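These notes concern the structure reproduced below.
Going in written order, the chains are labelled A, B and C, and every chain counts its residues from 1.
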Amino acid sequence: MSGADNLLKTKALCAYYGDFQALFDIEFEIDNGETVAVIGANGAGKSTFLRALAGSLETAPDMIRYDGQSIGHLPAHRVLRQGIALVPEGRRLFQSLSVEENLQIGGDFGRRGPWTLKRVFELFPVLAERRAQPATSLSGGQQQMCAIGRALMSNPRLLLCDEISLGLAPVIIRELYERLETISAEGTTLVIVEQDINRALAAADRFYCLQKGRVSLAGPAQGVERQSITAAYFGI
Amino acid sequence: MNGTAARALQFSVERSTPVSRICAVIAALGLTALVSLPYWGETGTMRLIAEMAYFLALAQLWNLLAGYAGLVSVGQQVYVGTGGYFLFALCDWYGVHPLLAILIAGVAAAVISLPMALVVFRLRGAYFAVGTWVVAEIAQLFFAQLPQLGGGSGYSLTPEIVRAVAPERAAREMLMYWMALAIAVAVIAFVYILLRSRHGLALTAIRDSEVASESLGVDTYRTKLLIYVVTAFCTGLLGAFIFLQKLRISPEAAFSINDWTVVVIFMVVIGGIGTMEGPIIGLLIYFAMRELLADYGSWYLILLGIVAVAVMLGAREGVWGLIGKRFDLHPFPVRRRLIQRPGGDEKPG
Amino acid sequence: MNWLTDVDWAGVLIQGTLIGGLYALFAIGLSLAFGIMRLVNIAHGDFIVLCAYVAMIVVNASGMHPLVSIAVVVPLMFVLGYVLQRGLLNFTLGPSILPPLLVTFGLSVIIQNVLLEVFGADTRRLNAGAMETASITLPGDVTVGVFPLLIFVVALVSLGALQYLLYRTRLGRAFRATSDDADTAELMGIDNRHLYSLAMGIALAFTALAAVLFSVRTSFDPASGPINLIFAFEAVIIGGLGSLWGTLVGGIILGVSQSLGSSVVGPLVSLLIGNPVSAQWQILTGHIAFMIILIVKPDGLFPRIRD
């Protein structure tokens, strides 16, 4: 799987919150255009893993190789400029900015590319209708769209999505995942962190399962046995 | 029950440490030496020690406020000043005995502090600091408007009042010296007892996380209010004492932010904020620097400022933090230490 | 109470309003630093005085008009602000309020005493020539000093420019985003350390502008900092934290209260208790107005809705 088409690869990735070690020797890789799901129970280290990739947590330079370069030491704002964008857990929209401003801020310091305000509004028309409203006035699903759109505005090569279905109705979740397919079809590489295993596996080419900060199982998303996932998930 | 890991271990809560017991002995010996100083020392030394004593008390009080209760006031001079003015007014107008007046001045400061607190507590964090400063400015301007208290130029205690303390100068010096010591020891003992009490535990919780302690049922507002008021009482009392010693008061001297707050803050910060040992170390550093740099005008304040800034940036726990952590010393055991012992000698219950 | 009819009420109001513009200018730097990085700069007043001394040096060395010196002092202080934040204050930011508070407090003492050592305790003032005393007569026979009017206009323009910066530019958007959620802003490609340093640079640039105008209008000495910090602080709190135009209203209320203090409250008190009129009633009345507003409306007159 690794080869010329490899976009990002981690090598013995460890991450800490103060003295507490949250990730242990994660070996992870993703190819251009691929969609990879990261699953695992609460506290397994999924969000930490995405934050480490996005540069929010300090790691050693060589622990993360991206596009042939070591980026583990880069701070988050420089990682974004390299083309890795995170849709953070809980959406984290800027409260005092309007919907449109939230989207613009994603593009202000990102890369140039196909994603513009116009294209994001085409992807999520409801955001165009509410562009002038404060981001906090949106419904949960719309806020999630705004958060995805904000990340897209930086024209990432690698988009990291952290629990985008959290707290949303099934019909909204289905819509969001359809949009992710569109985004993937544009050539964007995706990492999806999800609690809902079925949802994640359906959307992904491959998956990694984390347990207590370690990779407990990895493989192609289709045709994996439920039993082995359950074991990897809960550690029984 | 026997099988669980927690049961296998025995815990006990320990508060005093061998170091603290040794320090208590040393402190007792040192205090004895200081108390006997008038019989063998010079007047100049006595004055210096007395000054150090009341600055130590001020530093402990500010540390209690800022380091434990999170109330970073830069306006404590308001209570030094009102304490001083109350003493002068009580003695001069009503003929109250100066020593009684000191006590009443403390009470008066506490009474004034309550409505003050209700206003400045509306400001959060750093704005609270500036708010307390405004209050002190108001007090200074207010007392300058009262010609009965000397107005802007201030006034002196009459010789009769001075003689009421003690008829002779030497006796007065001794008495004032002992009082300075007594007040300092009382304030330190008070802060120590307070920090070891339930309130102290609440305070430590507030210092560490206000939100978390509130969710655990600590009434942070009332605890902070209590600390603010008792600190005002002690500060007012100290102010009355300080100006009884100085014999002269003016709005500028009484409400001087430099004298009563800036140097006190520097002492605490350099020594180590949030510990009882820090202010003592800071006091010694401050007086050493002041004596060494006495000939260089305000450069000692500049240097002190630089040291304080450096401490805040490089070693937030101050000089004491560096020493105490290194050797795990706790001369003032205000903390409760959970000691784990090998299990077996107590029944699981 | 005959003398009350002798008070030039229109004059009192106009004087107070115009000086309120200066207080609003003072407040901009304080407000900006707090709004963007939750940093309360206790040394703010001392930076005003520092700027005034820098302007004095520039004016004395070059012989230029004080108002022209703005073109030198403002960029200089922008650079100083950037360096100060980048090299020092950024390291104080964190969950605890103590480090920024105590470090800026230390800076305040350092600046005051360095100024004292270098320039001595003498009061200084910059000379702006004829425009200091020039005045114009408005309809209704009200005379207004040209210079106070100029300060007020500068305050209006400054607030307008800041409004434009914050709400119409990419940089302003980044400022507001960082103020909302610094961690997420970093994820959006915003370099917070750089942004904070820019914010402090801009804050000190406005402070420099205010300081030059102030140093022509009022005499200053190394110890003038704290009272100016307090005026700025009072304007910010009266107006409501984080409210740009509220700051102007706060400044005006403070200015008018002070104006009333010197022309009405002071004389009234002196009449009632028989003291000579004290000049300190000007400042005291301003403080009292501030306390009243703090009691009645603790969030200020224009609290920011989202915070």
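Definition applied: a residue touches a chain if its C-beta (ideal position, glycine included) is under 8 Å from a C-beta of that chain, and two chains touch if they have at least 3 such contacts.
Bear in mind the structure is a predicted one, so any value in this text is a computation, not a measurement.
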Farthest chain relative to subunit C (centres taken as mean CA coordinates): A
Among all chain pairs, the one with the most C-beta contacts: B-C
Innermost chain, taking as reference the mean of every protein Cα atom displayed: C
Interchain centroid distance [CA atoms averaged], subunit A/subunit B, Å: 53
For subunit A paired with subunit C, centre-to-centre distance based on mean C-alpha positions, whole Å: 45
Gap in Å, rounded to a whole number, between the CA centres of subunit C and subunit B: 33
Multi-partner residues of subunit C (at least 2 other chains): none
Residues of subunit C defined as touching subunit B within the complex: 40, 42, 88, 91-92, 97-103, 105-107, 109-110, 113-114, 116-117, 226-227, 229-230, 233-234, 237, 241, 269, 275, 278, 280-281, 283-284, 287-288, 290-291, 294-295, 298
For the subunit C and subunit A complex, residues of the former touching the latter: 170, 173-174, 176-177, 179-181, 183-192, 306
In the complex, subunit A residues that touch subunit C: 54, 56, 75-78, 80-81, 85-86, 88, 92, 94-97, 101, 104-106, 108-110, 134, 136, 150, 154
For the subunit B and subunit C complex, residues of the former touching the latter: 66, 72, 74, 119, 122-123, 125-127, 129-131, 133-135, 137-138, 141-142, 144-145, 147, 152, 257-258, 262, 265-266, 269, 273, 297-299, 301-302, 304-306, 308-309, 312-313, 316
